[in-house]
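What follows is a pair of complexes built around chain A, which joins chain B in one and chain C in the other.
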Partner chain A sequence: MPEAYENGTEIEVKDLNLWYGDNHALHDISIDIPKNSVTAFIGPSGCGKSTFLRCLNRMNDLIPSCRIEGRVNINGEDIYSKETDVVDLRKRVGMVFQKPNPFPMSIFDNISYGPRIHGMSKKEMPAIVENALKSGALWKEVSDRLNVSALDLSGGQQQRLCIARTLAVKPEVILFDEPCSALDPISTSKIEDVILELKKKYTIVIVTHNMQQAARISDHTAFFLMGDLVEFDKTAQIFESPQEKATEDYITGRFG
Partner chain B sequence: MTRTKYQETLGILKANIREMGKLSQDAIHNSVIALKNLDVNLAETVIDGDQVIDDYELRIEKCVSQIISLQSPTAGDMRLVTSCLKIAIDLERMSDLAFDIAQSTKRIEEEHIKPLIDIPKMAEIAENMLEQVMIAFANNDVKLAESVAKLDDEIDRTFYEVWKELITMMAQDENIINYASQLLFVIRYLERIGDHACNVCESVVYIASGKREELN
Partner chain C sequence: MSNRKIKEKGIESLLFASGAVTVVALLLLCIFLFRDGYLLFDNYPVSSFLTDTKWYPTADPEHFGLLPLFLGSVIVTIGAVLFSVPLGIATAIYISELANPKIANILKPVTEILAGIPSVVYGFFGLVVLVPFVQNTLKLPTGQTALTGSIMLGIMALPTIISMSEDAISSVPRALKEGSLALGSTKWQTIYKVTAPAALSGISAAVMLGIGRAIGETMTVMMVTGNSAVIPGFPSGLFAPVRTMTATIALEMGEVPQGSDHFHALFAIGSVLFITTFIINIVANYIKRRYRFNL
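Right, the complex of A and B next:
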């Protein structure tokens, strides 16, 4: 486990276990995720990294057979307590998925949708949309056509739109679940640049199958295997001298 | 085991280092035999052989560039690949120093004043260091690499003794200045060879453990 963090801890997870029915999918996961930095989750398919990511904004609540024990605190607040408003939690902890999923509406409406349902006034919308698109590095490309359908954008642009949409509701944490796996290298670079910029204001957690992406953009890396958190350390340490043989075998491509 | 082609390439890289290590070791051995026997033909063989070792360095450099650009090595593989580049430079420098010893042999015009004992002893330790560190390299053996580096102390000690002896001899008889100064160069070259062997020991420790140790 890395030493004390420069900007403090954003997410504290203690002894988290998760079951899908009888399948014990996550085993005693404890991890402190630092504030204003990028933390990458890596591991082979089925290792539990995406399942664990979804624990951080209670997306697994939507799966009926899913049962969770343990504690997840975000900024000191237990997100699994009865008092937690899940809609508010998902505003605080935004998520960007593998496949860009814009709403079938205009670019402007895609961005303003979230702020509107969270009660922000209509008058503020143009500024909110502009700022979100600027932070998502999409403004220059779409500022003259905010009323066209978001579905007309390229895959990379759609993904940046989804990031901008997440930013519009002013989250604290952004979870990325393989955000570049459907994108070409140029679009991937743009998303990576956006993530590096966003970490100045937000805490980023990213699941990726791309080892080099994890190495390029993350400050810390967690390696998962068969539902266990095998190793968590500074990214440079993981990619130069991992302490666990399983980590070494995975990142050097000897299995997986 | 996956990435078979990649594993093969790493194997080829390691084999190249070991072959280069053997050639450098032979060059050191032959250069000092040539000096001991004032055998100009053998000295020429060492000088001619230097090109082969230079070619190995280039081959290793190309292999490393290719692995980095095509395979993105990480962790232990990354440590191996980057260290092979450093080891190749050390081995090439060692063979350059053997080349220099061979050149000194050619410059000596007179017979030895007395049989050479300490210089072959220094060379023997250096050769042994190189042989052992190549075994440590092949087996990722940290302990062996650390113990090999300690042998350099004996080379350094002998260097200072012989250096003093040669200076004293030159002070007593100025007719031997050309001869003794060539031997001064030779002991300096052997002392440097020992230092390069220590560098290789440090690289082996880094490859095997990820730790950077100062062994020189």
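Right, the complex of A and C next:
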């Protein structure tokens, strides 16, 4: 485990176990995720990294057979306690998905959707939309056609729209679930730039299949294997001198 | 030509012929229907057919007024829509989004079985159960009213509306719903603002088909609406007997002399019915395509 973080800890997970029916998918995961930095989860398919990510905004609640034990504190608050309002939690912990999933409405309405359901007035929308699109590095490309359907955008633009949409509800944490796996290299690099910019204000957790991506953008990296958190350290440490044999084998491409 | 090629050609022509039969059958049906309907206007003015408020086909002089029958169909159908559309869409949302899978697995097949019950059985049920119920609860002189017909037609349109809307709602990608929930919207906000609009084309098509079914239904309405050809008021007409276009054709066709004005008048009504359902189908397709384009 890394030493105390300079910006403090955002997410503390203690002994988290998760079952899908009888399948014990995550074993005793404990991890402290630092504030205002990028933390990457890497590991082979099926290792539980996406499942773990979805524990952090309780997206797994949607799966009826899923059972979770353990503690997850975000900013000191236990998100699995009975008093937690899931709706409020998801407002604080935003998520960007693997495949871009803009709503079938205009660009403007996609961004204003979140703020509107959280009760902000129509008058505030133009400013919110503009700010969100600027932070998502999409404003220049779409400022003259906000009323066009979001589905007319390219894949990369759609994903940046989804990021902007998440930013519009002003979260503290943003979870990225393999955000670039459906995108070309140029779109990927744009999104990486956005993520690096965002970490100044937000805590970022990103699941990625792409180890170069983890190395490029993350400050800390966690390696998952078959439901276990094998190793978690500063990214440089993980890639240059991993402590565990399994980590080394994975990052040097011996399996995956 | 090789043997194989001849076989290929043969199968192709056979399939083409099957397709052509459908089109030709439809065309012949149209020609036959419109021709026999049109013959009425040799002896009876179109304007009277369209504006006369009386349907007295055997009186002297005869009155072939479309209005009471057309409005009878309209009022029964409107009632059925008001009853079945909200109920049907709500049920579809419940089955696809809210019900626990075990309940959904019972509900869905049950609604589909409802579609398989013959209309005369619905009519019989309506006559024996619903007609006395309506009469007693609302203290009406007769229970055979437009309202009774509307309720029965609504029940009959429900399976179509539920099953098609349910398909449309379940086919909305999961990613879309998750995207909405991840922004901190509630289950209901997600259904109302994302899932339902995304399924709108399918839902509209379902509603239109439900309406189409209600307008064209004959046996059940004939058994429960009382069949009196007077122009219904709205909404008071809901609580009085009415007669629909379909019931008129079914009731009178057996007794008219072939080739008489009355005979042609029934065909004219059939043409109006055909045109109405045709327009509904076109509207349904238009809505479907329009929203698909936006998506």
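One rule holds in what follows: the second predicted complex is superposed on the first by the 256 of 256 C-alpha atoms of A that agree within 3 Å, B and C clash if a C-alpha of one lies under 4 Å from a C-alpha of the other, contacts with A are read in each partner's own complex, and residues count from 1 in each chain.
To be clear about the criterion, contacts are C-beta pairs under 8 Å (C-beta built on N, C-alpha and C of every residue); 3 or more make two chains touch, one makes a residue touch a chain.
Bear in mind the structure is a predicted one, so any value in this text is a computation, not a measurement.
*Asks:* If we overlay the two complexes on their shared chain A, which of chain B and chain C does A:Asp88 touch? Say first, second, both or neither.
*Replies:* Touch partner of A:Asp88: chain C, not chain B.
*Asks:* Applying the document's definition of touching, compare chain B and chain C: which contacts more of chain A?
*Replies:* Chain A has more residues touched by C than by the other partner.
*Asks:* Contact-wise, after the overlay, does A:Trp139 reach chain B, chain C, both or neither (first, second, both, neither)?
*Replies:* A:Trp139: touches no partner chain.
*Asks:* A:Gly114 contacts which: chain B (first), chain C (second), both, neither?
*Replies:* second
*Asks:* Looking at A:Ile251, would you say it contacts chain B, chain C, both, or neither? Reply first, second, both or neither.
*Replies:* A:Ile251 contacts chain B only, not chain C.
*Asks:* Applying the document's definition of touch, where does A:Cys162 land relative to chain B and chain C: first, second, both, or neither?
*Replies:* second
*Asks:* Based on the superposed arrangement, let me know which partner A:Trp19 touches: chain B (first), chain C (second), both, or neither?
*Replies:* Once the two structures are laid over each other on A, A:Trp19 reaches no partner at all.
*Asks:* Using the superposition on chain A as set up above, list the residues of chain A that contact both chain B and chain C.
*Replies:* none
*Asks:* Give the list of chain B residues in touch with chain A in this complex.
*Replies:* 1-3, 6, 72-79, 209-211
*Asks:* So in the complex, the part of chain A that touches chain B is made up of which residues?
*Replies:* 211-212, 215, 238-242, 247-248, 251-256
*Asks:* Residue numbers of chain C touching chain A in their complex, please.
*Replies:* Spelled out, the residues of chain C in touch with chain A are 100-101, 173, 175-176, 178-186, 189, 193-194, 197-198, 294-295.
*Asks:* Which positions of chain A touch chain C when the two form their complex?
*Replies:* Going through chain A, the ones touching chain C are 57, 59, 62, 64, 87-92, 94-95, 97, 99, 101-105, 113-114, 117-118, 149, 151, 162, 165-166, 169.
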